[in-house]
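Next come two complexes built around subunit A: one with subunit B, the other with subunit C.
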Partner chain A sequence: MSVKLLLDKANIEGIRYYDAWRKNGGYAAVEKALKMTPEAIVDEVKKSGLRGRGGAGFPTGLKWSFIAKPEGVPRHLVCNADESEPGTFKDRYLMEFLPHLLIEGLIISSFALGSNVTYIYIRGEYAWIPDILEQAIAEAKAAGWLGRNILGTGFDCEIYVQRGAGAYICGEETALIESLEGKRGNPRIKPPFPAIKGVWDRPTVVNNVETLTAVVPIINMGGEEYAKIGVGKSTGTKLISACGNINKPGVYEIDMTISVEEFIYSDEYCGGIANGKRLKACIPGGSSVPILPANLLLKTAKGETRMMNYESLSDGGFATGSMLGSGGFIVFDEDQCVVRHTLTLARFYRHESCGQCSPCREGTGWMEKILKNIEFGKGKLSDIDLLWDIQRRIEGNTICPLGDAAAWPVAAAIRHFRDEFEWHVLNPQESQVRNYGLAHYADERNVVA
Partner chain B sequence: MAEGTPLFKVTIDGRTVEVPAGTTILQAARKIGGEVTPPAMCYYSKLQGSGGKCRTCLVEVSKGSDKDPRPMPKLVASCRTTVMDGMEVKNVTSEKVLDARAGVVEFLLINHPLDCPVCDQAGECHLQDLSYEHGKADTRYEFQRRVFEKHSLGPYIQLHMTRCILCYRCVYTADQLTNKRQHGILDRGDHAEIATYIEKSLENDFIGNVIDVCPVGALTDRTFRFKNRVWFLKPMNAHRECPNCCGKVTLWNRGDEVFRVTARKDEWGEIEDLPDGKTAWICNECRFEKKKTSDWVIEGPREINRHSVISQGHYVNAVVPNETFPEVMGREPRIKLQIHDVSEVNEPDRNISLIEGPAHSDDFKD
Partner chain C sequence: MTFSPDKLNKVQEIIARYPEERQKSALLPVLHLAQEEFGGWLSVEAMDYVASLLQLEPIEVYEVATFYSMYNLKPVGKYVFEVCQTGPCMLRGSDDIIAYIQQKLGINVGETTPDGLFTLKVVECLGACGYAPMMQLGKFYREHLTKEKIDAIIEECIQNAAINN
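After this line comes the complex of A and B, so read on.
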């Protein structure tokens, strides 16, 4: 059995509400943290080795220590609950079922950063969750965990929930800040970084929901203990939202020492590929990260077992590896078409580009159109090279990483599944009635089955 | 510049210049001039917050600074990146930059209607210049181009959204110059468009300046619509006592007829500064209503030193841009449009500044 630090109480009756939460050890971390100094909390988080769970995996303690502290200027903590990356739905689970865990994390983090006004920016489509959060905030406030002079420490803190209007780009931290300020959600040009000029030009830290909830066990058990869980620079536990052709889709908490194979096939997690089919490919960390064929997913190019952690998943770089990203684990069985899937993603990124930079605005639309041609039997072989060229000229040349996120899936699909693209082009009729199938992407396990 | 701002040395394509700390790479490059200067489609030095979007000005920083010589991992937008002491930058000497820029030009053109023959901006369009310099003659784009309806934004301004490159300059202009912005960008991505709030016309005294800042033919002057080609017009500096603005303008004449009035633009296509340091924005009345030479005190022909076709050698005092390309690259530029080599209509030895009255095709026949 693996360690559970975030979801350990998820199955307790009524845990969404304050009384049950408190009875089961809730708010002990806040009590403990408010007796510490803000610097000591930042230190604990540094020691824990916690890395941002929003996708980039940047060390949280380090990020916190960058926040500017000019005299007399308020600072803000913003919780990024915009979770719109296809395949990622772990923050929803946390907020819906364990809202007090997030509130607790927010109070501690606000105290550490000196934020008296803290925001939760939540994606518009999570229409029912703001009510849950607001109720939890009201309960916490009634119990004295929020508001003025919390626990007599002199620390004031209010938490506000702001709903987004349904744009993926508002998950990018500077677009989120613009949107929070009531403006069009265009990413800002950096520098300045939010740690210097964020919400209303005040120093701001933006963190993912899961990152902020992880602060609670870190305070409870101490940074050093937390760092002992996991392996290398992948400390603590990570939520994985697993979906696609698996027997048991859902949100799983893993410590980062298990293998990808165990995660997919063990009954504790995904429970194997659904309907007795075979594994073809997988996107291990949300739609933006490179897709991997089964053989490279289960073993690295060096032949080592691929593990579910930051380092192992990115082993081999983009040539033969991928990323842990936000933990949106999407599994494809042998009946799935990589061309169609790439088209779906291209359409998503075309639709979600904010349109500020020319490469992203124009390139995403162009890629979608070409992919559509290939998928519907109207492609040319030269289209595949053209796609490669387009993605190459988007990547790295844009303001925000959405450009990269649009380029990577296309690049990875062509890199690993070029033959499938070519088959589509060369068999325009056949490709409309059947799928390419498994081909050589199989792992040994598949061949036996 | 504040007293005591340190001077930083920056080297761009092998040419070194000293600029005050806080200067952007682009502004430093403009100080050197010529081919060293990256093209800029969205940045506008007079507009706060502009730049960073079009990505045509990307450059490679091959050395960060004397203190930290590490190169920057990605190409950076020179218009929004400030120089460090000892920084080394590659513009046209970097393969990576030229490749990325060729990409950006291609991206900007795939959905562009390429309707230069009927576009009033032709001849002074930054996108034309950019395409001649960095673009390809053919296209790899095989799809229907994006289309939008044409809109008249009030009596003076015509919007051709199909030509817009979403540089946001007009939005910043309206924000920073007029007291009530009535237009902005609706929607996002490749379906984003400039729009007035529910088709409200733009009714501010200074809104005409959006025409001057627009790098392409998306926002054009309705009072000049289809009246003439800019390269047949003779720019004259002129002024008048104006209660609203500085009154210092450029008249675009053919003989005695004033075809259009614009603000005075410098060699980067930006509106000039007045001696007091303020930008010489002009009001709608000067721009749209004063179309008689008698409305103006004529100062004399205007030097046009932009590299566009309007400047091709037929104006008195024309300043030919300093060509640094051969010096830096060791070869001549591959593509350089000499309008007179391809068109017999406008002969270079014919000085239309000297023609009295409107020029006719007869004037070009001996």
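After this line comes the complex of A and C, so read on.
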């Protein structure tokens, strides 16, 4: 039933190394792609319907087609491996266990974009992974898949790994470019877009790790076949990193035709809520996307079954829906406190704000302060409206999406769990010793059980 | 304050990854090397040395070193516990783990034990949410933390320190 295009080889012994990878069909996609024209590869990716797997979901083929090709100016592909969105740990899995899948994707994509020098920008904390990637690069080079005149095509390609040093903001593509240039990770004002002026003012494409690995099955099977998997504009497979209060946290590959309920309760995936508890809420696409209470998570406001894909998860907009985002799937059981969790996220975004734009720099700190007061029994009812007001004034008023990312979780927590915030304010002592619990948010089936 | 010949070669290797005149791009990797080489933190002297190596103004190095959370701007212990405290780890009990380490080591977050062996830091999401609670210790992650595991890790560090001395 479940289709695996990325993790299908994950359990083969020694698959991290070249010999096992090659023996199991590795580098066939590179062989095939290098006989195609770069334009034909871009076409296949367009036909596949692949959407950026970092969180934004922008069509990859379209992004590639924007790259400027001025005479005599080198172009660069940069792989965004700065995976830092809370709840997200899928790229780490790919790089750690299937490094050659990424290297293959990088060679094909570099050829399609005309990048002779390609960089993997990896978050600094993944400190052991550059060794794994560099070994895979060295193996690929020794086997003739990288370096000069690859397969006699005249195409030269080198891949280098660059470590960041601890900054969520560097996952934003222009901040990543600044960081790669040896600067603070301050996002740039767009336009110009990286496709015109990116790293060192050269045309640049920045793609997420998972996006680039997906190029390998797309070339192997053809864009049209890839597009047949999934549903609507959610084509192919998506990695979901599931965490929180579930029995089987981990990285799962789904084909986007399964329901949220199946994903949470099936033994093939999360295996249900841990410790026999009931489901309270979930953040389905990384910490920035709206949290949903169980009732709205499993069914849309229209009463339809909520599916694990881009369209269904965003059904209802922010009023009653959320987003697939990065696939960071954070599950809350009945004992969890939404106020406290929102406080940790507000603290996270305050810590990660680069400080360029005042709505984000000041607003994130202010939200954290108010949430701290509410959480520790010193809040006022008017604080809840004030929080709402602050998040609304951050959203859309900053250079990069970090402002939105900080605003949305606070907005959604208040939108769906306002009574829990009020209970904290009205019961300052009690809220220090017990959690609010499930109230009316529960998945009805579970309440009956 | 200078790098060993090995490290100097490594610096040249890194600079060669970028176009000519773009050696500033080597700044983050070279600061990592400097932190490794000079006792786990970046003194002003260390940053000035990096500036001279890459032909940058010292301020270009300071502004970068102060931006990224992995660069330590004051001395740290031999073993730095960097415990994640963001939402997904919080859901799996990171608050209790942090409290336990504080009690066990007798220090608060941000402090170093008097013997210079341990520093406790709290950090934001390290991308190991499915294996929470967790912390970074040196190059690697320690995951699925429990009080018993913390005890064992502390013991392991004490023994390693004894062997290395």
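The working rule: the second predicted complex is superposed on the first by the 449 of 449 C-alpha atoms of A that agree within 3 Å, B and C clash if a C-alpha of one lies under 4 Å from a C-alpha of the other, contacts with A are read in each partner's own complex, and residues count from 1 in each chain.
Methods note: contacts are C-beta pairs under 8 Å (C-beta built on N, C-alpha and C of every residue); 3 or more make two chains touch, one makes a residue touch a chain.
All of these numbers come straight from a predicted model, not from anything done at the bench.
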For A:W366, select first, second, both or neither according to whether it touches subunit B, subunit C, the two together, or no partner. first
On subunit A, which partner touches more residues: subunit B or subunit C? C
By the touch definition at the top of the document, which applies to A:S287: first (subunit B), second (subunit C), both, or neither? second
Looking at the overlay, what does A:S353 touch: subunit B (first), subunit C (second), both, or neither? first
Once the structures are superposed on A, label A:I189 by its partner contacts, choosing first (subunit B), second (subunit C), both or neither. first
Look at A:R393 in the shared chain and tell me whether it touches subunit B only, subunit C only, both, or neither; answer first, second, both or neither. first
Subunit B versus subunit C as contact partner of A:A167, first or second or both or neither: both
Residues on subunit A touched by both subunit B and subunit C 167, 184, 351-352, 354
Taking the complex as given, what residues does subunit A use to touch subunit C? 74, 83-89, 92, 117, 119, 123-128, 160, 162-168, 179-185, 200, 241-245, 249-251, 283, 287, 328, 330, 332, 336, 340-341, 344-345, 347-348, 351-352, 354
Can you name the residues of subunit C that touch subunit A in the complex? 17-19, 22, 24-29, 31-32, 54, 60, 63-64, 67-71, 85-88, 90-92, 123-132, 136, 138-140
Contact set on subunit A toward subunit B in their complex: 167, 169, 184, 189, 350-359, 361-366, 369, 386, 393-394, 396-399
Show me the residue ranges of subunit B that touch subunit A in the complex, using the header's touch definition. 51-56, 58, 74-75, 77, 80, 99-100, 103-104, 106-108, 110-111, 140-141, 143, 165-166, 168, 184-185, 187-192
